[in-house]
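Same chain, two partners: subunit A is paired with subunit B first, then with subunit C.
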Partner chain A sequence: MTDTTTRPSGSDTDIKGPGYRVWFDAPARTVHFEGVLRLSTSEYKPIEDLLDRVLLESPALGLRMTELQFLNSSGINMLYKFAIAARKKGETEIKVHGSSNIPWQGKSLPNLKKFLPTIVIALD
Partner chain B sequence: MLTDDPRWQRALADPDAAAELLADPGARAEFMAAVAALQAEHDDLVLLHDSTLEHANEIEEQLAVKIEQVEALVVELELRNTFIRQVFGRHVTDEVVNTLLASPEGRQLGGERRTLTILISDLRGFSTLCEGLGPEQVVAILNIYLGAMADVIGEYRGSINEFIGDAILAVFGAPVPQDDHPERAVACAIAMQRAMGRVNAELAEHGLPALEMGIGVHTGEVVVGNIGSNRRAKYGVVGRHVNLTSRIESYTVGGQVLISESAARALGDRLRTRGCFEVRPKGVREPITIHDVTGVDGPFAIHMIEEAAEWRVLAEPQPLVFTALEGKDTGGQEFPALLVAHDERHNAELRVAASLPLRADLKLVLAALPGVDAYAKVVAAGPGRAVVRFTALPRALQELLDSLPARA
Partner chain C sequence: MDGIIGEYKEPTDAGPRVMLTFYPGAFPVKWNQCSVAADFFAEYFVDVGEGGLTEEAERRDFVGSVGYVLNELIENAVKFCAGGTVVIDAGVEAGEFVVVVSNQVCGDAVDGLRVKFAELLDGDPAELLMQRVEENAANPELTTSGLGFLTMLSDYKARLGWRFDPAPGNPDNALLKTAARLQVKSS
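What follows is the complex of A and B.
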């Protein structure tokens, strides 16, 4: 089994751990989520900080989830909270790219709109 | 925040203070805004809770489906493994099957060079014995014999590579590596010879004839692996050392275990023998030394049951002619001889004109039984005299010898 207690490595904009990677492609202004994310709530802090930081730089942001096979409840909770924060901030242009081939994405990503009505959800 | 403000805390605790505070229009507007903010935050939290739960339910749903799939796969895998064990497990131990199933490389084709100990056993005169028997009887004999031998080989953690008719090819040291493979193989060979007593007792119960077996053991480098095609592959051994083992086995008489120099060296001073001799097998350039094993000491200690059989000297020596065989080709010159004595262990003493080379294979035909071919190997030789061990003793000859009067 994957050891989720292992500390993530990499830089502030490239967070890697066993079985996952979350990184920011600055020129494309896109955060890529890859692999299997099954961290505990507190372990999502570096990812939360990354999202807050890049949104602070500019209101336009892409979130690419097409390579994210699994996201646990703490992970989706973190994303929804980010959407609430973005709504409170106002004036954001956030677009999420997901994959309909990954069953949970088709159900859970559209719910982001409930928290942030301006968010754009694109499922391949 | 609303609840942090001491004015509102006082108002919450005291209804009079609350009435006084809400009477102030500015404070009331401030209160209403704070309540609206709390309400909005509450709505967000409820939504967050519900949406997160929805996600969790979705994941759990998928998990349930996956569990069902895994359970179905486990059932299928069990069926496959049972099948493999049934088919494959007849020839090798469960330990070997489990090791192969556990390692993915075990299922791939391909080979590797390894030093192993090879054991080949063969029944003496089985073809001759079969001639007088029906097919059901032949299969019954083989099943009793091969079943007993497979059990012994399994006990010594050998792996039966092949049953070739009445012959068994087993290897020690593969697929599961064993440091002590030469010792296991030689001890196993002795145990197999000892088990022949039980086999023959069981055959006798079924009214079937007794068997005699010879075993050759040799240690050498061979290629082992899954040989064949993806459709049909078997774990096998190939190489000249396999052939050499077969040659060593061909020098045995019933009840004997012959081993090569390399196997003997591996056992060192734990090996007990009657001695050794040199042979020059066909297709082998240098003569090789063969040891006639009687036992093994040490952790696998086991010894042959030595049976001393008494000679039965015939009242009237039986004239016969014999031919020395080169391999299995029987085109040699005929020589006369007299059969003067025999014992229960299928030995016979011959009077011959010339001396015979030790371990020569002979075809014998008694004058009293023309057309009945017997085969024997010279086990002792002296001037004018030779002791032969029958390697194929036709029933008619056995019956004749038993019926002839012995010298008083």
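What follows is the complex of A and C.
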């Protein structure tokens, strides 16, 4: 489905769309997820590419989710696939910062450990 | 083509109830409008169902859970709609949020869907979810994640059911009704 209203803008390390932003803070080695992410599977490609790229650069990475209110199943698929990619790469140090006040995070983030046992998940 | 799979239950007038019908023929539903519709139901029922929820944590959990499940159901209905309307029928009764989302699918797809739905309910959803994600990672060209129902079952403890009926006015299609139920207070 082509829908111009959800087409992202910005650079390849700062992806913005209606109601969401995903950006990489290079000095802090942290990807920030903000807003509401309910895209179709193919629309997650720019974010997947960003995650793949930063994982290639360095094994240490933070994912900050404390400002991400909603994520649909296609987005959860993207996160879990990233965890598998990190597991296959080996020797990664990935930490996820989330919020226990955001329901989807308490329900779905813990599954990341099944795909990447070394991942650290911190829920504020 | 009639038949029920899983725990199919429709809302009744015993509690508050809302129906919303999209007519996507000339004006297709945009992807982000699925989210808007899901959030409307979540915000509406958090305040009317059985006096509404008062604890902040309970309200957050209800809005998050209903918003997630309904958004997935509406995204599916819009994505796979083969003509006709998309109808959302939701209510709260006996401590449960009950919703049925209906859309038409091609008659040829019914047998495959029956098998898929039965498999979802037969296995351990957490195990099936793990398997599916591993398959998705191994096949990056897939355009659907297949995680919607699995996350509803595994992470939200939703009770799901499906029903197939003849599609009104179109003998080539079937009317698919997908039912989901969630506890209003999850703990």
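Here is the rule we use: the second predicted complex is superposed on the first by the 119 of 124 C-alpha atoms of A that agree within 3 Å, B and C clash if a C-alpha of one lies under 4 Å from a C-alpha of the other, contacts with A are read in each partner's own complex, and residues count from 1 in each chain.
Throughout what follows, a residue touches a chain if its C-beta (ideal position, glycine included) is under 8 Å from a C-beta of that chain, and two chains touch if they have at least 3 such contacts.
In this text, all values refer to a predicted model and were calculated from it rather than measured experimentally.
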Exercise for the section: Tell me which partner A:16 touches in the superposition: subunit B (first), subunit C (second), both or neither. Expected result: neither
Practice task
Determine, under the contact definition given at the top, whether A:39 touches first (subunit B), second (subunit C), both, or neither.
Solution key: second
Exercise for the section: Mind working out whether A:73 is in touch with subunit B, subunit C, both or neither, as first, second, both or neither? Expected result: both
Handout entry: Superposition-derived comparison: subunit B or subunit C, residues of subunit A touched
Key = C
Handout entry: Which of subunit B and subunit C A:101 touches, first, second, both or neither
Key = second
Exercise for the section: Tell me which partner A:113 touches in the superposition: subunit B (first), subunit C (second), both or neither. Expected result: neither
Practice task
Determine, under the contact definition given at the top, whether A:85 touches first (subunit B), second (subunit C), both, or neither.
Solution key: second
Problem - Common interface positions of subunit A, toward subunit B and toward subunit C - result: 70, 72-73, 76-77, 80-81, 84, 103-104, 107-108, 111, 114-115
Exercise for the section: Provide the residue numbers of subunit B that touch subunit A in the complex, in ascending order. Expected result: 44, 47-48, 51-56, 58-59, 62
Fill in the blank from the handout: The subunit C residues in contact with subunit A across the complex are 30-32, 34-35, 60-61, 63-65, 67-68, 71-72, 75, 79, 126, 129-130, 133-134, 136-137, 142-145, 147-148, 150-151, 154-156
Exercise for the section: Show which residues of subunit A lie in contact with subunit C when the two form their complex. Expected result: 1, 3, 5-6, 18-19, 36, 38-43, 70, 72-74, 76-77, 80-81, 84-85, 101-104, 107-108, 111, 114-115
Exercise for the section: Mind listing the subunit A positions that touch subunit B in their complex? Expected result: 70-73, 76-77, 80-81, 84, 103-104, 107-108, 111, 114-115
